[in-house]
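Attaching a single structure in C-alpha cells format; questions to follow.
Lettered A, B, C and D in written order, each chain numbered from 1.
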Amino acid sequence: MTEETFKSNRGVFDAVVFANKQIRQRFYRLGLEFSGDGAAAFAQTRPGQFAEIDLSDVKLPPKEEIAEDLQDSAERKVLLRRPFSFCDVISQRGKTRVEILYCALGPATLRMTTLSAGNSVSVIGPLGNGFQMPADKKTALLVSGGMGAGPLIHLAKAITTEYPQVEVTAFAGAKTKTELPFEKPLDEISRQLGFALHEFAMYAVESQLATDDGSIGYKGFVTDCFSQWLGQQRSLSANDTIIYSCGPEAMLARIAKIAEDKKIDCQVSMERMMACGIGVCQSCAIKCRVEGSDEMVYKLCCKDGPVFDSREVVF
Amino acid sequence: MTEETFKSNRGVFDAVVFANKQIRQRFYRLGLEFSGDGAAAFAQTRPGQFAEIDLSDVKLPPKEEIAEDLQDSAERKVLLRRPFSFCDVISQRGKTRVEILYCALGPATLRMTTLSAGNSVSVIGPLGNGFQMPADKKTALLVSGGMGAGPLIHLAKAITTEYPQVEVTAFAGAKTKTELPFEKPLDEISRQLGFALHEFAMYAVESQLATDDGSIGYKGFVTDCFSQWLGQQRSLSANDTIIYSCGPEAMLARIAKIAEDKKIDCQVSMERMMACGIGVCQSCAIKCRVEGSDEMVYKLCCKDGPVFDSREVVF
Amino acid sequence: MNETMDISIDFSRLKLANPVFTASGTCGYAEELADFMDVNQLGGFITKSVTVKPRMGNDTPRVVETDSGMLNAIGLANLGLEAFIQEKLPAISKLTVPVFVNVAGETIEDYVAVAQRLATEQAIAGFELNISCPNVAKGGLSFGTDPAQVTEITSAVKQAAGDKILMVKLSPCVTDISVIARAAVEAGADVLSLVNTFTAMVIDIESRKPVLANRTGGLSGPAIKPIAVYMVNKVFNEVTKERGIPILGLGGIRTASDAVEFIIAGATAVAIGTANFVEPNCAVKIIEGIKKYCDGKEIKNIRELIGSLE
Amino acid sequence: MNETMDISIDFSRLKLANPVFTASGTCGYAEELADFMDVNQLGGFITKSVTVKPRMGNDTPRVVETDSGMLNAIGLANLGLEAFIQEKLPAISKLTVPVFVNVAGETIEDYVAVAQRLATEQAIAGFELNISCPNVAKGGLSFGTDPAQVTEITSAVKQAAGDKILMVKLSPCVTDISVIARAAVEAGADVLSLVNTFTAMVIDIESRKPVLANRTGGLSGPAIKPIAVYMVNKVFNEVTKERGIPILGLGGIRTASDAVEFIIAGATAVAIGTANFVEPNCAVKIIEGIKKYCDGKEIKNIRELIGSLE
C-alpha cells in the first residue's frame, strides 16, 4: 500500500560526512554527501525510507566523554550495519546530501558521534518504502515520539513542497525537555503562535510539544496531547485527513487506536532490530493482519515497511 | 642476569600522543607523553624494556590507504594489548616522553598509524628487563634486524650517556632499502665516514647497513656483515666486548652463534606473542638452558626477558 | 594477476565454477540479493530453509548483536513447500548457478516430504539438510546431536532425493562432531556442510529478560570462526578425506583469507553467512580474493589447497 | 551511591565479600598481579592449574588473537605440586581472600594426589577441578566430556579433598552440558564453574600451518560470552537451582554488565579471565560496577539477582 520506490537504484555507496553536530545532550544531526551513483540513488529517497550504515570501524569517543550508563555497552565492537532514516534530503548539481537525526544510545551511535567532516562511511540504501503521500487529503497530522521526529521533518518538507494544498500540523513528544531531538531554542512567541519547533516552522508547519514531565509544552504523552487537539477540531473531516506517526511502538499503538476510533487513515513507521535491511534475513518481522480475514502474517519491516498502514499492524 | 628494574613503579597509565610520523613506507615513529605517576614510572625505563598498549578502540585507516596484503587481517577487531619497546625516552619537568619505532603489519599497528597529537592511549609499563649495561666493557656492538633497531637506538643513547668510555658501533639490516626503519636520508659522505644512520650518529655512534638485496649498504645478511667486520677487528678483546642484538629470531640465533664462537658476551632481545605482558598468562615462553646442566626450562619473555643472555636461549 | 585463473572445483557429482556459496538463511531465495550482487557468479547458492508447511517464525526480536557475532532465532520462517514451488522456483530455475534447497522439519517425514516433492525439479542441484532442528517426535532434542537420528534422517532423505546431491549440515553443539559426520556420510550424505550456529543467549540486564523473544538463538559470525575451522579440520582428517567426500565449510567467513583458512583446513568449498548482511556483495569479493591468493602462491589448481594444512 | 552496599554471597560453605573471582590461568598465583590490583578485594582467587609433576607446557606460539577472542594452548605449564607448596603457598597464605587451587592431571590419580596433599593446607579454601584435560589412561579424550568419567573423578577427588570446597569446572565442548553438570553434582561437587574454553584453530595461510605450536587451542574472550550465558542458564534451570548448588559463571566477561548478565542467568559468582590481560584491574572495576547496578535497581541483596531471569 505504500508508495512504490525506485528499488533498482539502491546499492552500497560511500558517503562523505559534511557535518555532524550535537544538538542536545544525546542528540546529533549527521550530514552525508553522496556523489555519482550514490547521489542518483539517494536523490530518489522518499520520507520514511532508510539506509544501513556501517559504523564498525568508526572510533569511540574518549571514555571520559561516554555517559556512564553507556560505558559497558560501548565496549561491544560493532559488527552489523545500523538502520537510520532521514530528516532531510537535498539533491543539487550531481550531489545528494542527506541528514540524519540520531541519538547516541549504544556502541554504533556512540561511534557515530566521532565522525567528522571529510570522513567516509559505507551506506546501503535507500531501503524500504516511505510514507504514502496525501494526494487526496486536505490535512496531514504528524505525530512523533523521541527520535521519531526525523522522518516526519522530512515528510513535512515533502508534503508542503509537493502538496501545498494539504494543511500539515506536527506534534512531538518526549519524556522530558532534554530528550526532544530538536536543534533550535524554542521561543515563547513562536510557541504561542503554534510554531513550537523551528524544524517544522521552516516549512510553515505548525507544531506542538508534549513532555511526560511537562518540562516544556503539554504535560503528558504526546498521544494525549494529540487526542485532545483532535477532539477540539470540529471542522476536521476524517475522510480528508491522514495521520503519520513515528516513535516508540507503544506510542504507535496508541495512535493507531485513535485513528481507528476516529476512522482516520494512519501510517506508522515501525522499528525492528535489523541484521540485513534488505529482506534476506527475516529478522525484522512485523505481525500484520491479512485484509478481510482473521489470518496473521509476518511482513518485513525493512522490505514491506518500515511504513505500514496502522490498520494492518498487530500491535 | 639482566638489570634489576623499578618494578614497583609499573602500572596502567594514560599517555597522550605528541607525534606520529611516517618515516618510510610502512614505518612510523610514535611519540607518547606521560604525566604524573606515568611520567615517574616511565622515566625509569631502561633500553629493552617495553610497554603494552591498548589499540583496540583506535580507528583503522581508510580502506584505500591499507596495503592490499593487509586488508583482510585489518578486518580483525583488536582485543589484546600489543607490546612495543622504545627508541627514546626523555624525562623533563615532570613529563616523560617515549618514542616507539613501529611497523604497520596487522590490525593493531595499522590502527596505531591513525593516532594523532592529542589522542590518548592506555599503556601498561614499563615491563620486563632491559639490556644489562656494559659497565666493565670497552666495546659495545649493536646488531639489529628490521624493527629491532628501536631498542638499540635507545641503548646507544644510554651507553654513550652513562658509559662514555665504551665504544659503540651499530649494525642494522633489512631485506631491502625500503624496509629499513630509519628516518633520515643517508648521505654518501656520512656513510663513508662510517655514520650510515643519523639515528646512531646523533650519539656519535658509527653504524653500518646491510640489505639482503644490496639496495643499500652491504649486500647480504646483517649477521654476515657483522661477522665480516668482526673478523677485521684485530685489536678487539673478546673479554672487553659485548654484543646487543634485537631482530628476527633466526638472526638472533645467528648472532648468538657468532658470539659463542668468538666467546663474546651477548644479549638478545626476544619476541613472543604476548597476551598479558605481565607474567600471568604464560604465553610468551622462551626455552632456556639451566646453567651447568642439561635441563631446559621455559622462562617468560615478558617477565624474565625480553632481554636474555644469548647463551641461555635455546634457539 | 592471471584473470582467467581457474578455481573451479569438483563438488560431489557437480563441477562448480568456484568454491564460494552463500549460506542458508542469509541470502533469501536469491532474488532479494539481485540489486547487490550477481548470484550467478557464485559457486553455489543455498536457499533459506524450506519446510512442508509455511512457518510464520518466531516473535521479535529475532536477532541481537554480540561481540563479533550475532544471535538469530528466526524460527525457520518460510513460505512452505508449495508456495516455494509456486512463487520462488520459477525465478530460481532461471539461475545458472547450482541451487541447493535447505530443508528443515520437525519429523523425519517432514524432511522426506520436501525432498521427495523437489527431487524431480530440474532447477535444483541438491538439498542441504538442516538437522539442527528439534525433533518434535523425539522430545524436541535436535536431530543433529544424536548419531542414530542422523543416520535415520540421512538415509530416509537420501532415498527420497533421487539423483539430487545430498548435503547434510552439521550442528557444532556436540561433543564429537566426527561421530555425527561419520553417521551422515555412512548413511549416504554426498557432502557435509559445517557449521551451523551455536545455541546462545543474550540477557537484557535492564528488564532481566532474554533479548530474543525465543529466549535463545544461534550464534554466528566471526566470533565462531576458529571453532568452525577446527571442526572442519577434524571432520576432514577423521571422516571425509579417506572417503573423498567434500566439505562445505562455514562459520564467520568475511574475507578471502578466512575462506582460504577453511579450504586449507579441509573444506572443498565455503559458504558466506552473516557477512552478507554487512557487505551484500561479500561473496563476489571473496571469489576474487581467493583467485589472487592462489595466483600469489602459484597455486595452479585450487585442489592443491584443499586440506593442505601441514 | 550507597558505598557500603553489601554484595556478599554465600558460596557453598563460604561467605564471600563479593561475587567476583579471577579465572584460572589468567592471574598466575596472585603475586604477579600485585602491582596492578589488590587481590584481597576479590571475592575469590583461583590459581593457575597445578599438576602433580611440574609441566614445561607447550612450544610457542601458545596464544593467538581471534575476533573478540583468543586461543591459548599453554599446556598447563606449572611448577608442579611440590614447588607450588614451597614457592607459592607461603605468599598465598598471606592473602585474606579465599583461594581455590585449580587442579589438572592426566589420570584420576593425578587429581587425587594434588587434592590429598593440599587438603590439609589452611591457606586454601578449595579446589577447582579442570576436567577439560585429556585422560591419558582412557585414550586421551577429555574427562569432562563423558559423564561416567566426571562421576568417577569427582567422587575420587571429593574423598581426597576433606572439608575443602570442591568446584568442578565444566567444558562447554559437549552436546548437553546439563548431563555433565548433573554427574558432577551427584558425585559431590559443591560448586560448578563454567565454562572453560572451546577447542579451536587458527591457520596461518602463508605457511599453511596452524598458528599455535600445539595446533589447536582453547577459545576464550567476549566471543564466547553468549554461549557461556546460555549454558549457565541451562545448568541453573536443569541442575543446580533445585539443589542449591552455586555456579561460578565465566566466559568473556569484561564489564559489570557482563557479570550481571551471568548472575541473572543463574551464576552465584563470576570469574574474569581474558579481560585481565587487557585491564589487569578489571575485576575490581567490575565489583564496583555490580554495586552500582544493584544500587540503581534498588536491589538490597544480590541474592535477589541470582537466576532472576524472567
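Simple rule for what comes next: contacts are C-beta pairs under 8 Å (C-beta built on N, C-alpha and C of every residue); 3 or more make two chains touch, one makes a residue touch a chain.
Note that the coordinates shown come from a computational prediction; the quantities given were computed from them, not determined experimentally.
When the C-beta contacts at B-C and at A-C are tallied, the pair with the greater total is A-C. Centre-to-centre separation of chain B and chain C, using mean CA positions: 47 Å.
Note: centroid distance chain A to chain C, computed from Cα atoms, is 37 Å. Put simply, the C-alpha centre of chain A and that of chain B have 54 angstrom between them. Taken residue by residue, chain A touches two or more other chains at 76-77, whereas all remaining positions touch fewer. Shared interface positions of chain D, defined as residues touching 2 or more other chains, are 66-69, 221-222, 257. In terms of inter-chain touching, the protein chains here all touch one another pairwise. Remark: chain A residues 71-73, 75-77 touch chain D in the complex. Contact residues on chain A toward chain B in their complex (touch as defined above): 57-60, 62, 77, 120.
Those residues of chain C whose C-beta lies close enough to touch chain A in the complex are 25-28, 32-33, 35-36, 48, 56-57, 59-70, 72, 74, 77, 221-222, 274, 276-281.
Taken in their complex, chain C has these residues touching chain D: 66-69, 71, 145, 173-176, 198-203, 205, 207-210, 216, 219, 221-227, 229-230, 233, 252, 257, 260-261, 264-265, 293, 308-310. Interface residues of chain D facing chain A in the complex, by the touch rule stated above, are 68, 222, 254-258, 289.
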